[in-house]
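Next come two complexes built around chain A: one with chain B, the other with chain C.
Then we have the complex of A and B:
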């Protein structure tokens, strides 16, 4: 491919051809968001300047965090706006094609996978849930140990007590996850984000994603509220983000999720 | 009390988006495949989005 200098086509994702869709007023770089239809699927696309987004440019920026973050954010803004009302199967980036004919050929080739994916997430959006430990119980105030033996015994008791607290906390978080998952069609628990990455000083205890029917948002939030009430006494807070396109559930098209 | 909700249109944490883009999203054959010895450069790059904060050596 040598598209630099010409126009390249970026595909955000696909929606079913049958669904009414309200297109965002602008996409990446302010480009118009258009549709390209093939095989009962509608791809959401933008025509981008090849000198800014062609293959060579991607190659040059493939390890450029700021450039990628900017692109990813704009990609998500389009998908996020669409996902609030319409089923959309998000594509990874870069989804760049030389022209519409090339994109349509790929859609035709992958139509079974894409249709199955759309079916699996039909009528759903993804919600992200984080549980943070904001208020760890204070250590018992230390009385000056009289002897080295006292000191060592206290250290050992404190370590045991910390371990029991951590174990009890893990159980409560697991129970919370199961309660939240019961209110969702599918759920996945991902590794907690490092505090350095989440820019939060509090440890993250749960980083989960839940596929929830659009019309079940209220019951889902009610469960989150109940979970929050249960966990507050233990110094844990629940945060929810979304609605997201179903990024975490596109694999439902290709594999059975474990319950 | 209700939970803290970070909604669409508000400032989403970049880490949440990158979390999703690295782990999810449909991969079909785009014309741009940026790989080097089987390593997907873009996803390497997206991991780097997160790296600067990580320099403290956690």
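Then we have the complex of A and C:
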């Protein structure tokens, strides 16, 4: 617990010391987004009201989806704005510090990890890709079965046909992922998002993230367009989101360390 | 090409922009990103647990509303319950709601 308690410091992430940064006009709760420099790194921070973002408040809201979503959204708004023009290594939340001295001490301790992370993602942004099944092709209309055996055989054929269709679809999605990954430096496939959070009713067949050099955005989008053209006939639609800070690729920092 | 990068999802197929998805934000901010030691050590819900919790909350509220029960929307008891206890576990809160519902439900079943 710091001696003051009135304010706490939130760190959004770090950017390379050499980068010119366009700081967003405001951050969480309208607080100013500032920089804290140490150890060859620049952290993006905001000073927040301790009565709204101190330890007790975090404990009280640790399982509160609405509160966490509000904080997360504002955290990402700052990072997303910075990422459009500057490399940024995003921090996971809470990312809270008693004061600047404490943050700088931690940055000094972790400077190797953070430098390697910035190096690994340097010059790249992350793009998210979803493939949704929006329109399953119709099954062939069945003739009226004449006997019980016909009926059962028809049902079995339909089930088999659906299974083969689903299998064929899975293969096409995997092929699509590989084609997209070929146009990126690193790629990762994540579990599909739950409709309770995504608010989408269509099945999500792919939820992937791709680290793409800033100057390779056009070829990457061209591949997405080609993939969309290939999948359209099967009732699948490709969506892209971004540019994101490289949330999904921070593990490269530790892999670099181990190399 | 020097056009500004899209700020949210771009439908390569439909050509209509959509608002940036909360799911996209939460799965990144809660579960990805660099973890370095901070001064507030608290275990937050990861995306899986958060999803389960949202589904439980939505299911219980929807079910109750289906039955015509929405008293909590203006009930001071619900807000006072949250103040009295430290941070009741989800199960306890649902149980408390159910007990209240069953208490008043008997009158409505005609």
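Criterion: the second predicted complex is superposed on the first by the 247 of 259 C-alpha atoms of A that agree within 3 Å, B and C clash if a C-alpha of one lies under 4 Å from a C-alpha of the other, contacts with A are read in each partner's own complex, and residues count from 1 in each chain.
One rule holds for everything that comes next: contacts are C-beta pairs under 8 Å (C-beta built on N, C-alpha and C of every residue); 3 or more make two chains touch, one makes a residue touch a chain.
Given the structure is predicted, the values throughout are model-derived calculations rather than measurements.
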Partners on chain A (chain B, chain C) - clash or fit: clash
Based on the superposed arrangement, let me know which partner A:128 touches: chain B (first), chain C (second), both, or neither? both
Between chain B (first) and chain C (second), which does A:217 come into contact with in this model arrangement: first, second, both, or neither? second
Does chain B (first) or chain C (second) touch A:60, or do both, or does neither? second
Just to be sure I read the superposition right, which of the two partners does A:250 touch: chain B = first, chain C = second, or both, or neither? both
Is A:166 in contact with chain B, with chain C, with both, or with neither (first, second, both, neither)? neither
Going by the contact definition given at the top, which residues of chain A touch chain B in one complex and chain C in the other? 11, 13-14, 55, 58-59, 62-63, 65, 68-69, 72-73, 76, 80, 84, 89-98, 102, 106, 110, 113-114, 117, 128, 190, 193-194, 196-199, 221, 224-225, 228, 232, 237-244, 247-248, 250, 253
Applying the document's contact rule, which stretches of chain B touch chain A when the two form their complex? 1-9, 12-21, 23-32, 34, 41-42, 44-46, 48-54, 56, 58
Show which residues of chain A lie in contact with chain B when the two form their complex. 1, 3, 11, 13-14, 55, 58-59, 61-65, 68-69, 72-73, 76, 80-81, 84, 89-98, 102, 106, 109-110, 113-114, 117, 128, 190, 193-199, 207, 209, 221, 224-225, 227-229, 232, 237-244, 246-251, 253
Residues of chain C touching chain A in their complex? 1, 4-14, 18, 20-40, 42-45, 47, 49-51, 53-55, 57-58, 87, 90
Name, in rising order, each residue of chain A that touches chain C in their complex. 2, 8, 11, 13-14, 54-55, 58-60, 62-63, 65, 68-69, 72-73, 75-76, 80, 84, 89-98, 102, 106, 110, 113-114, 117, 125, 128, 130, 190, 193-194, 196-199, 217-218, 221, 224-225, 228, 232, 237-245, 247-248, 250, 253
